[in-house]
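The first chain written gets the first letter, and so on, giving A, B and C; residue counts start at 1 in each chain.
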Amino acid sequence: MAGVTLAQIIARLGGELKGNEAIRIVRVAPLETAVAGDISFLSNPRYTKQLAETKASAVILKPQFAAGSPVACIITPQPYLYFAYLAQWLTPVDNAAPGIHHSATVETNIPASVSVGPGAWIGTGAKIGKNVQIGAGCTVGKGAEIGADSRLYPQVSIYAGCRIGLRAIIHSGAVIGSDGFGFAQEKDRSWVKIPQNGRVFIGDDVEIGANTTIDRGAMEDTIIENGVKLDNQIQVGHNVHIGAHTAMAGCVGIAGSAKIGRHCTVGGGVVILGHLKIGDDVNISAGTLVAKSILKPGNYTGTVPSLPHQDWLKNFAHLRHLDTMADKIRALESRLAQLEKKS
Amino acid sequence: MAGVTLAQIIARLGGELKGNEAIRIVRVAPLETAVAGDISFLSNPRYTKQLAETKASAVILKPQFAAGSPVACIITPQPYLYFAYLAQWLTPVDNAAPGIHHSATVETNIPASVSVGPGAWIGTGAKIGKNVQIGAGCTVGKGAEIGADSRLYPQVSIYAGCRIGLRAIIHSGAVIGSDGFGFAQEKDRSWVKIPQNGRVFIGDDVEIGANTTIDRGAMEDTIIENGVKLDNQIQVGHNVHIGAHTAMAGCVGIAGSAKIGRHCTVGGGVVILGHLKIGDDVNISAGTLVAKSILKPGNYTGTVPSLPHQDWLKNFAHLRHLDTMADKIRALESRLAQLEKKS
Amino acid sequence: MAGVTLAQIIARLGGELKGNEAIRIVRVAPLETAVAGDISFLSNPRYTKQLAETKASAVILKPQFAAGSPVACIITPQPYLYFAYLAQWLTPVDNAAPGIHHSATVETNIPASVSVGPGAWIGTGAKIGKNVQIGAGCTVGKGAEIGADSRLYPQVSIYAGCRIGLRAIIHSGAVIGSDGFGFAQEKDRSWVKIPQNGRVFIGDDVEIGANTTIDRGAMEDTIIENGVKLDNQIQVGHNVHIGAHTAMAGCVGIAGSAKIGRHCTVGGGVVILGHLKIGDDVNISAGTLVAKSILKPGNYTGTVPSLPHQDWLKNFAHLRHLDTMADKIRALESRLAQLEKKS
């Protein structure tokens, strides 16, 4: 690629230029490893030292850091956001050519602009929007719907009747619409399956990571609102509701019927118990178990520090005896009060 | 569907009817959202308010709640179990038509009643029971066995030689029989693979969730007994044994050679270490790490509360100093005893 | 199989034989269940009782246990390592025959020695080494590289441009090269995708478990060095670096840009936060959350004990009040000091 000039970048994305507008940019790169032709960004003040030494041709940064840049710079209040749009522009996208691969099985009518990869299957009654890309080996169940401009990477499984909005990105191994986990117990204590007769409804602009699973609802639907971003290996139970623009890192587990608000962030490995309510604007730290509803916006944490094993042994053994420790403190307080009275 | 009358339901499933036996039911629905033609259930007393306001045509409930029902009701000691059977009856099942899709590869003889979906592969020597449904893109290794009336949703992977019982339900992305994780260490500290020469044996009436993985054994087999229910994204290590009718929620991890009893329940995200023994009738709370064997029936928990981040910082920092706190209490006790002696 | 004699084993693998060198061995088996024709090993002194009662034809063990063996034995300082090599020898490997299955789609030139299973797809420009086995339903993106003698079990997904070294073993459902999780936030708080324009580079002799996911980098690459062993359902974020011969048990989650050293071991369910550095020779216990860098070799732990639920309730409730407990201890200390001064 011949790249774009800083002048072209400013014309399209705004910002204030300090430096030669004819400089050509071909690639985004980190401050530390950038070379001529690269553009970097500085968002976190921690990296100002890297700025001073960068070999990039230009850097995107906030006004207060412009003076410290040894190279041309684009000044903007939100460098990382600016960088995101620029990186989208500079990074070539490898779209699949429209058409149905001869080894695919398509049992419904689809637009000519759709691409269906080798070995994929699309069941009867499925509705596929314009420009959708269905990767090799994907399976799309009967009556499922996939909105225009969505991309399914290879080996995604969409169960019957589920509905996915516009511009979705779904990664390999994701499963949408598997049965929720619902059983009644018989007198002999064997389990009797509750039919999972709901569906999964996914809004627009949702990204779903590799091997993430989203169960269909029972009696009602599992709902993922617009703009939600789910990382890899997340498990979403039946009848869960995730509000718009909430983002979750990898390995999160959400039990059935939990209702999660809008604009939340959920760290990696978090477990959210069933039937809880998490309000809007709640941020949960990685590794936290959420066992009670959280209605107030803010940051929530529930993790223990890791220690050298011997220190851990010495300190954490007391966890089994905290109640005794509390009792001892109370006893000390009353004995001391006795003495104080006397003295 | 024209539905069924309450009279027909009582005739088939029992229970005592209070109301008009000619009422037609077409669907199960929650108390809160039910409309005419729906039947709901009340199991948890917490929802009695919803009962009073329900628009359902009928409700399944315990004797003590019958008086509070504004609509017809079916009285039974176990409303949720009754509901399960009724829901199974009312929910249409979309079975795949028998036959082998032309794009599938079947290298063994299978009954005419079996359905094999697009792009699926069944290896030589595999034994497939009657009425088995193998979804699109499934792979069944050489010599594997799948019992009659089982259903594999699309993209299930069964490795060579594994055996699955009758009436199994296995969801997309599940992997049965991958190698267990076993290595010896060389003098140069590189790892030498231990061949995983065992298999996975799964009993009857087992359900396995999406993207759950069950490793084959080494020297012996990994065993899942009858009636076990595994949710999504569970990891079962090599040589694990899970007793009959045990149920596990999503994201559980079980290390190698753990032996888990019958009728246990394991909450989401639980981690069970290797070579442990969990007895029968043990219930483990979500998010718990089980690091020691549990031989006595009962409920077990090991989780920390989540707090607003500032409260967490303030309180949990002390975890690194619990031993010092315990020392201080002991010191206080002896100093106080000294004083008390004097006074 | 006719098996091999103890004389043949010694000739190939070394060790000192005590017993009849003509004894034939056909299988490896545990001490407890071994029968005639089996060879077992004793590595852990805990199992010496099983040695005394074994029905194996021979046992591999350390010098100090030879006297306690009721049967022939092979004496070696590292019985488990010896066993690993012997088991590899005795366990038949079922390699797939070379050739491209007629239902596969191969859009690049591959060596004649390569096996491509039913329904697999290999994209344009991919480079596949000699003797590689690609299982049924695998998908290998454009320009990806897979080194000689590697084996992909069915339904592995390799994204475009990723590179895998020699002798890799990759299990079903593993996803290599999915997009990392990177977004900038817009003024309206929607998320703007950062293009994930890096790749995944995997060294030689790496094993990757079922349904493990490894994200491609952003601007740089995700790197897995030689000899790394990853169990099932591990999540590796973008730009992570894992040093040579590090081994990780199931369900580990590693957030983006974490740098992990060589010869580390990471227990099941561990979560490692982003941008951390873990040095060489660090062992992390199962279930630990690593929230700070660990630069010193050693064992690290951060888990809480599981208790009977009532005991847990009683003890762990105090976690919310540890700071108050610490305050009370301080107050007691100063009150007591006052009294002591007086007395």
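Throughout what follows, a residue touches a chain if its C-beta (ideal position, glycine included) is under 8 Å from a C-beta of that chain, and two chains touch if they have at least 3 such contacts.
In this text, all values refer to a predicted model and were calculated from it rather than measured experimentally.
**Student:** Taking touching chains as linked, do they make an open path (line), a single closed cycle (ring), a hub with spokes (star), an all-linked set (complete), or other?
**Tutor:** Contact map by chain: complete.
**Student:** Call it same or different for subunit A and subunit B: same when shared residue numbers make up over half of all numbers used at their interface.
**Tutor:** different
**Student:** With chain centres defined as C-alpha means, what is the inter-centre distance between subunit A and subunit B in Å?
**Tutor:** Chain centroid spacing, subunit A to subunit B, equals 25 Å.
**Student:** In subunit A, what residues contact two or more other chains?
**Tutor:** 103, 119, 137, 155, 173, 211, 233, 251, 303-305, 307, 316, 319, 321, 325, 329, 332, 336, 339, 343
**Student:** Any idea which subunit C residues touch subunit B in the complex?
**Tutor:** It is residues 28-30, 33, 78, 80-81, 83-85, 87-88, 91, 94, 101, 103, 117-119, 135-137, 153-155, 169, 171-173, 205, 207, 209-211, 227, 229, 231-233, 245, 247, 249-251, 263, 268-269, 286-287, 303-309, 312-313, 316, 319-323, 325-326, 329, 332-333, 336, 339-340, 343 of subunit C that touch subunit B.
**Student:** How about subunit B: which of its residues touch subunit C in the complex?
**Tutor:** Residues in contact with subunit C: 103, 105, 119, 121, 137, 139, 141-142, 155, 157, 159-160, 173, 175, 178-179, 181, 183-187, 189-195, 197, 211, 213, 215, 219-220, 233, 235, 237, 251, 253, 255, 271, 273, 284-285, 288-292, 294, 296, 298-305, 307, 311, 314-316, 318-319, 321, 325, 328-329, 332, 335-336, 339, 342-343.
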